[in-house]
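What follows is a pair of complexes built around chain A, which joins chain B in one and chain C in the other.
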Partner chain A sequence: MLYELDTLAGLIGHAFSLWWIMIPAIAVGLVAGAVPGFAAHNTIIILLPLTLALDVEVALVFMVALYCASHLGGGVPAILVNIPGTGGAAATTLDGYPMTKKGQAVRALALCFVASVLGGLISAIVTLFALPVLSQVGYYIHSVELVVVMLFGLALIASIAAKDMLKGLIAGAFGLMLGAMGADHIYATPRGTFGFLELFDGVPLVPALIGLFAISEAFVMLEQKTVVSDSDRPTAPPSWGESSREIFNAFRHWWQITWTAILGLVIGVLPGAGASIASFVAYQQSQFFSKTPELFGTGHPQGVIAPESANNGVTTGTLVPLLAIGVPGGSTAAVMMIVLQFHGVPFGPRLFVEQPELAYGVIAAMAVSYILMIPFMFPMVRYMSRVTVISTVYLAPFIVAFTLVGAFVPRGFLFDMSVAVAFGIIGYVARKTGYHVAAILIGVILGPLIERSFLLAMRISNNDPMVLFSSNIGNLLWVLLVLSLALPPATSWWRRRGERTNEIQKGFGDEPR
Partner chain B sequence: MSVCTKMPYRKKLVAKTSCAAAMLLGALSLGISPSFAQDFPEGNISVTIPTGEGGGADRDARSFAQVWNKYLPRNVEFSYYPGAAGQVGYEFYMRGDASPSNLLFSNIGPEVIMLELQDVPVEIGEDIVYIQKTSTEPMAIWVGANSPFETLEQLIEEAKTRPVTISVSRLPHPATIGMLALGEATGAEFNLIPFGGGNPTAMAAITGEVDASALPLANPITFGEEARVLGIFADENPVPDQTNDAPTVNEVAGTDLPPLTSSRAWAVQADAIAENPELIEILKQTMRQTLEDPEYIEAVRASGVPAEFIDPGNQEEAMQEAAETRELAIQYRDLLTGE
Partner chain C sequence: MSEKDRPKKPVGADLILPACAAAYALYYVWSVHEFPLEAQLSGAILAGMLLLLVAIYFVRVALGFLAGRYSLGLGDFVGPPASLIGRGIFFLLMLGTLAVVPWLGFTLTTFAFLSVSFLVLGVRPVSRALAVAGTGALTGWLFFIVLLDTNFPEGPFERLVQAVF
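The block that comes next holds the complex of A and B.
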């Protein structure tokens, strides 16, 4: 465990000396995260010829800096044009875009950046000190527990559906149905693929994301002049002072950023989980603990902070299984493993024995890369919000063209561009008829993950459904899930009942004697 | 060490730009252009990997390609098509050109079983031919370092009293057949759990979600002290020093199971052989040179795989293995498909 402060200071200092590779990596990561379809994983693969040529330490630092920055970048289009750059930023659209529509884009961006940077920094520092403890999480959270963790995310559909429960649940169920397409996890039997080989691996997430959010949003945009209404449209860019003020104000939410980042970190450590699940769960839990849960979905700052902080907390978490056990916890970590293997660097426990400075150095580099992102925040907050004043005549075609390329990039299939258009039409119809596209997307993302964990748990138990209640941690999570679902309506009912009683008593009091 | 051969791409669009840059790097760093390879068509060699990036096939293909570039100086462009136990990759590969520049890097064991069990319109021999093996490794039963099972005897005895959970990469796999055959021969009950890929399969065993795992032997070896090999499906242990002298399954269980191995191999479309036999010969020749190159042996070791697994088996041997694996799949079809 890294208790020696001088060692920590040495690692951090050494990481700072690699600023020259971190800054370009951050710049690339911010762009990659903001463009749907690229993301860290794909970008790192594209740049592998470069990273394999670099010294292993420099290569790892480059990759982690790019990875962290891409998680920050993903929130930008989610806030400004309702298009999440990555699955992890999908929940950011729920409150980020409504803030933009209300003319609060500068504030939303500031919240997003501060939550991302502070959340990522906190999780990296926690990991530096608690890596051995975190590496044990995977030993206790298995398929059963993962089912419940993912149900927390799925429960968000119920929150989204609060205004129109029937439509919300229909949208969520539709998403789950789409998520069930593809070859089944046990016997690889194709289901609902309509004979398309391209769908054997399930509905491709990026084209679905692009269609549901980007293309459908572009269609909606064309019905108006600009993203924000004339009355809310800023006439001039925000001043440096205003941008800085919003950034400093965002730091006041440090407590929510801290706990959602740690939640993201823990979820990131779990095999099979990731930024999407973390951000949905963090959003759902933030709403649960909020004093103003009714404001979520209407442009509430807490609704931006939660997913952004959590999905940046995940970045360090996904590296923990690779560093501590030697098994990559996600696709980005798998690509990093390639670089370690290429250079003949051992990973897992041997890495800590043979090259501990490299193991801890990677985490320290993550912390430093978040620190180096701070100067990026100020110009980004100031100038990026101007996107909202671009005429939709230019913006919408640009979005469609750009994101269709993004739909093509991850797998290289032209078919995926058709999927994006199909989902765009579904998204447009959903928006026009009052069905929430985020509820559909949650089903598409979480459906296959829950199914996989559920099937594994059932198969391990020889199809005994009681396996879902067979572990202490799982049972504790079940209780928390039930509480988080039951308490809000219960407290709301209790409050209404109290108000009614007061009114009645007041009424009696007012009666003339 | 050459860089230009390490080009993993899904994205052909972007890949071409990166390829050009990497080619320049390679040309600058190597400057090698064997004369016989000049007859090979210019342009990139496209490699389809029917599993995900970061897996064993990816690792082995890269180790190979980095040295192969010395003998066949062409850029290698990787595409990954995981899904449906490799079916997606094979079908997409067949949609490509029947050209010597269009290769498949395969894992013969699991993929031949998959082709036999699933409804895939691809026939080994008629459509695809394995032209050169690169490595062969036996299947192994292993547990995580914290497992209570110290020996294979203990695991088998336990499996006679309750179903013992075994994580496997997928059901159509030689390791799965090994476990089913072992259960049949000893009366032990093994509950096979397909985790979909080597990494999650290994994770399940290391973290104790399952009792044990059955995977190709290179997997537990790369996990070092995190894994303990209990038994090997082979006539003898090829790497006793790296497996704590683990016994063979037959020695422990008193069974007579056939060796269960899987080989990585390069494959081409059968039409490519018919149309360009001389170019395929260049491929084979340069591949053999690569396999004999000490630099390749070092690259394999660096990636954590024992050099003992390197197997320069030719086309005949590779196709023979495919035929034998197909027979095994037919024999265990019912158990593997749950029908």
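The block that comes next holds the complex of A and C.
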């Protein structure tokens, strides 16, 4: 049953009255999102004493505002220095950073902010109306479907992130292999840990993220004086007029923002399939439907809009399975779940019966936080783009100093800083030789999840591997997976063949008669 | 330009990652070889998939090598030679950070790492390198440790400030 419109209006009005907690949360979230290793869930963990002390409603609003803002902030370093602040912004680097290198940082930031704010707002509004229906999707995704969804996501990343699909697949499979490190799920015995006790729980994700993206980028960055080449370097900061013009121009892409946000929302509802997968799927779909697919990866505006809109569409989606069935859709949702459990808030159908205003109120708060982010866009576009003119001899040491110690934060192990360095070396080799680091990272994230779902499916079926082909949704996803691997080479062959035919026909036409 | 005149593409560096991946996959399989079959299954499937992909890649490179399209050179792998020594020392400084941070803590390690890195990478005058490093380290300490109470490694500076205030 849909909530009545007047009640929804009341919830949104009430969310606006909590502006005093939202604005600081947005400011912290923007900064946290922009610093690799200080993603939303880490920041919420750091601020846990604060959220536990607050009233449950205020704590929830604080967490969702911070979460939404961190997704916006994550795109900033992805565009300016090729380091995604969050995993969901990894796809943004594909076109965002090339735009920066072409001297279009202001435009890329404007596209990023508008796509993020509008995408997040649209998905929050859609969720408000569709929550009762969306909450049902999680019921249809079981272990078999999860295995295929995750392999599908990885195959998409491998096929689009790397220019060479075989290299992309090797990177993804290497990431999966690294992700399978640690104690096995049945007998709790260590596998592939080199004897390190600290790796028994698997590869720590924050150090892996920091190493693959931040440390490797710092070393690649040092090979030139500034992030942008001398010829593309802006001589003066963008004026307020230019910043505003770029922001208003970005609104012209409203249709792409809308459908990629909804795509992100749907993917976000699937437990385990978070912003990283959503942003890559949106990127691939945008490229597939684009009139200029060959421009993707070279600094194409559509390549910035798709992942940013989708990863902000995910923010509301990940809360749906948490609210509806008590299964967190992502790491931030998991942290929120812990805080809500501390406050004794029920999940699932009981939540909608006992405290419906909380279930709908959290989504309304998300919509309002995106509205409150709008004024932040103008100064951010104007001043953030100046980062690219900072000399790399300053930028690289700062990146290493602050992100390396960020690897220490989640577990408090000095060992994790060494893990970050090890992944930094892997990332450097990958960057310099065309193995996309995003494919490795997503493999590392998905490795343990795929293994868990795979083992569960095998246990349920008494070790019959045909269980992976036993569900209609799963089979449909298998077909999509095969298509996602076969279509890119097929379409590029088709395009080359068309170009050759055109050249031959043109050659005949040019011949003297 | 004919096929013969075209410069060979250096792919030596491209082999590093697949070689390491294959080595890790074999080590992984070895590390589970005494486990019950059920516990070996997922690792064996993953390793098999990775080794298959690496084998296909090596065959592709071998064919290109035999056809004279590829060479085993490293290409641009280590970046511009002019800045190689500076970047090498910067890497060693990063490793040094791992060694000293348990004793010096976040603020002093950050200051030392930043100031020496700036000097090695060519920031001059020295006073500017020290001033930027000091400001950066203190700002980091204020924001992360004082304001957010982040779990950063503590050292003499953090303990002294804690004792005084």
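Note that the second predicted complex is superposed on the first by the 449 of 513 C-alpha atoms of A that agree within 3 Å, B and C clash if a C-alpha of one lies under 4 Å from a C-alpha of the other, contacts with A are read in each partner's own complex, and residues count from 1 in each chain.
Methods note: a contact is a pair of C-beta atoms (placed from the backbone, for glycine too) under 8 Å apart; a residue touches a chain by one contact, two chains touch by 3 or more.
What you see is a predicted model, and the numbers here were worked out from it, not measured in a lab.
Asker: Applying the document's definition of touch, where does A:409 land relative to chain B and chain C: first, second, both, or neither?
Answerer: both
Asker: Is A:341 contacted by the first partner chain B, the second partner chain C, both or neither?
Answerer: A:341: touches chain B, not chain C.
Asker: According to the stated criteria, A:26 is in contact with first (chain B), second (chain C), both, or neither; which is it?
Answerer: A:26 contacts neither chain B nor chain C.
Asker: Classify the contacts of A:143 with the two partner chains as first (chain B alone), second (chain C alone), both, or neither.
Answerer: first
Asker: Pick one for A:247: touches chain B only (first), chain C only (second), both, or neither.
Answerer: Touch partners of A:247: none, neither chain B nor chain C.
Asker: Contacts for A:187 in the overlay, against chain B (first) and chain C (second): which applies, first, second, both or neither?
Answerer: Both: A:187 reaches chain B and chain C.
Asker: Both chain B and chain C touch chain A; at which residues?
Answerer: 46-47, 49, 186-187, 190, 408-409, 412
Asker: Considering only the defined contacts, which chain B positions touch chain A in the complex?
Answerer: 3-4, 6-15, 18, 21-22, 25, 52-55, 58-59, 62, 66, 79, 82-85, 87-88, 91-92, 114, 118, 146, 163, 165, 170-172, 191, 193-196, 199-200, 202-204, 206-210, 222-226, 301-304, 337-338
Asker: For a test of understanding, state which residues of chain A touch chain C in their complex under the given definition.
Answerer: 46-47, 49, 166-167, 169-171, 173-174, 176-178, 180-181, 184, 186-187, 189-193, 215, 219-220, 222-223, 393-394, 396-398, 400-402, 404-405, 408-409, 412, 414, 417-418, 421, 426, 429-430, 432-435, 447, 451, 454-455, 458, 463
Asker: Would you mind writing out the residues of chain A in touch with chain B in their complex?
Answerer: The touching residues are 42, 45-49, 52-53, 138-139, 142-143, 182-183, 185-188, 190, 197, 200-202, 271-272, 321, 325-328, 331, 333-335, 337-338, 341-344, 346, 348-350, 408-412, 452, 456, 459-460, 462.
Asker: Quick one: which bits of chain C touch chain A in the complex? Just the residue numbers, please.
Answerer: That would be residues 13-14, 16-18, 20-21, 24-25, 27-28, 31-32, 35-36, 38-39, 41-43, 46-47, 49-50, 53-54, 56-57, 60, 76-77, 79-80, 83, 86-87, 90-91, 94-95, 97-98, 101-102, 106, 109-110, 113-114, 117-118, 121-123, 132, 136, 140, 148-153 of chain C.
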